[in-house]
Amino acid sequence: MTSTIAMTTGILLVLIGLFAILTQKDLIRIIVGFSIFDIGVHVIMISIGYISDATAPIIENLSQLGQSYVDPVPQALVLTAIVIGLGISAFMLTFAVFMFKKRGSLDINSFRDLKW
Amino acid sequence: MADQIVYIALLIIALSIGISMFRFVKGPSIPDRVVAFDTAGIISISVIVVLAHSFGRLIYVDVALVYGLLSFIGVLVAARYLDRGL
Amino acid sequence: MIKKALAVLLLAQLCTILFSFLSVYQEPTSLNAVSSHYIHNEPKELGAANAVTAVVVTYRGLDTLGEVTILFAASVVVGLLMFLHKNESAPRRDGSELLKTGASLLFPLILLFGAYVFINGHLSPGGGFQGGAIIASALMLTILANPNRHVGHGFFWAIESISGFVFVLLGIAGLVLAGGFLDSRVLPPGTFGHVASAGLIPVIYIFVGLKVGAELSSVVLSLHGKSEGGVQHHD
Amino acid sequence: MEIFLIIFAVLTVASALIAVATTKKAVSILAAGVMGLFASIVFIFLAAPDVAMTEAAIGSGLTTFIFFFALNRVKSDRAQGGADD
């Protein structure tokens, strides 16, 4: 049940983020949509690793080893994915600033160079 | 008994987050929304501590520590941005 | 308008597909074989209390190496593009007295907390990435208080390169002295649950933390601009 | 406990909707920060404190900061006192 709720949240976040990416005109708002999309994917990945009534995979002493723990592998992957998401956001923002310096606008409709 | 207390605490916290989100949605000016952001951040520290108690894992409190030390910087950045001093 | 309608149509299809996957999803009640092996054998093999740390640093250590490389590439490109378009604005207004005093008071505390987070990465939640982000936030606090102060990029590049180099060297030490690249069993596992345990994991995580902290700080500095004073001497 | 997970999940989705629907860029960025905050509480419910901590420090913290830095650089070149969005 818990993972179903969280997965629904993640799917809704993915849809909202994709909607923002597809329909917004302003570069900065497109990047905000990208970061919403990113968090949605992370929520889905973590909820796939959730086990019913399990606890975090941090073993405080060895006698607790029989308890049930959630899957540590998706958590490790998401840990790195969040940091990479920050790097990519910074990269895209730099491009947005660069485009603004070149064209004086952030509206994607005013970038017509490669439009056919 | 302890469970009921945790539930009541979480209910109160959820209510207060709802109030601050109301200000975030409605707030006519940006400073109103920045204050609502700060309030929601501080209230979520208490959510994490209560959850750490109710799940029986005290190590979750480290997350609340990170929040407590870093949440105010976001408000500072927003304030400096609005003040044109960034 | 037609674009928006097309987008909504596309999203409706995606929504149907995703929710039809969700409707057949069953929450698992036990771990799969790989994760079960990681959880149950890791405390005896490596001795780290936090299984996520063991997966990040040792079992999937090569992924972490690639990840910090991607972050390095991102920070280099951000720095390069921002260097090409310097921001020659008027000097910014300084922070108020309250902000300056508070920032200089809190800066060492936040740095210390960042160091705590990445040294205790194998015992509690946290680790190199979180500690690095906390260190970058501490740097940002000083930038906010003194926006015109010159902070050179060179220091961060030096820390970044040295810790990246040591990270690879420790990986090769694992290759020579233990089972494979980035194997942490070079040092003895120690007592379970103490700071000096889990072999090389805390040492590797300290360098990952320094590297990530330096990279994120340099991204923040580049995006803030006006810090190219250290590079300006060259032209 | 699930009722509280539902509350925070709804808050997460609601702040994402605010981020998309609002007309002011600064509000959009702030709403994305609030969404990171609630998403990290959802991660706590999913027994992932490591990810929650990373999300708190990076997703809700540093991302908001660099968005404001970039927004400031975009605006500082505009005519002083121009349209405030």
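A, B, C and D are the chain letters, set down in written order, and residue numbers restart from 1 in every chain.
Everything below uses one rule, namely that a residue touches a chain if its C-beta (ideal position, glycine included) is under 8 Å from a C-beta of that chain, and two chains touch if they have at least 3 such contacts.
Just so you know, these numbers come straight off a predicted model, no measurement behind them.
**Student:** By the contact definition above, name the pair with the higher C-beta contact count: B-D or A-C.
**Tutor:** Higher contact count goes to A-C.
**Student:** Using mean CA coordinates as chain centres, what's the gap between subunit A and subunit D in Å?
**Tutor:** Here the centre of subunit D sits 11 Å away from the centre of subunit A.
**Student:** Can you compute the centre-to-centre distance for subunit A and subunit C, using the mean CA position of each chain? Integer Å is fine.
**Tutor:** Distance between chain centres: 16 Å.
**Student:** Using mean C-alpha positions as chain centres, tell me how far subunit B is from subunit C in Å, no decimals.
**Tutor:** Between these chains, centre-to-centre, one finds 24 Å.
**Student:** For subunit C, jot down the residues that touch at least 2 other chains.
**Tutor:** Touching at least two other chains: 50, 52, 117, 124-127, 129-130, 133-134, 137, 140, 216, 219, 223-224.
**Student:** Using the touch rule from the top of the page, what residues of subunit B touch 2 or more other chains?
**Tutor:** In subunit B, residues 55, 57, 59-60, 62-63, 66, 70, 73, 77, 86 touch at least two other chains, as defined above.
**Student:** Two or more other chains in contact with one residue: find those residues in subunit D.
**Tutor:** As it turns out, subunit D has residues touching two or more other chains at 45, 47, 49-50, 52-54, 57-58, 61-62, 65-66, 69-71, 73.
**Student:** Please categorise the chain-chain contact pattern as a line, ring, star, complete graph or other.
**Tutor:** complete
**Student:** Touching residues of subunit C toward subunit A in the complex: what are they?
**Tutor:** 3-4, 7-8, 10-11, 14-15, 18-19, 22, 25, 27-32, 34-35, 38-40, 43, 49-52, 54-56, 60, 63-64, 67, 70-71, 74-75, 77-78, 81-82, 84-85, 124-125, 127, 129, 133, 192-193, 212, 216, 219, 222-223
**Student:** Applying the document's contact rule, which stretches of subunit C touch subunit B when the two form their complex?
**Tutor:** Of all residues in subunit C, those touching subunit B are 92-95, 99, 109-110, 113, 117, 124-126, 130, 134, 137, 140-141, 144, 147, 224.
**Student:** Under the touch definition given earlier, write down the residues of subunit D that touch subunit A in their complex.
**Tutor:** Result: residues 2, 5-6, 9, 12-13, 16-17, 19-20, 25, 28-29, 32, 35-36, 39, 42-43, 45-51, 54-55, 58-59, 62-63, 66-67, 69-71, 73-74, 77 of subunit D touch subunit A.
**Student:** Could you pull out which subunit C residues touch subunit D in their complex?
**Tutor:** Touch residues, subunit C against subunit D: 50, 52-53, 87, 89, 117, 125-127, 129-130, 133-134, 136-137, 140, 216, 219-220, 223-225.
**Student:** Using the touch definition from the top, list the residues of subunit A that touch subunit B in their complex.
**Tutor:** That would be residues 55-56, 58, 60 of subunit A.
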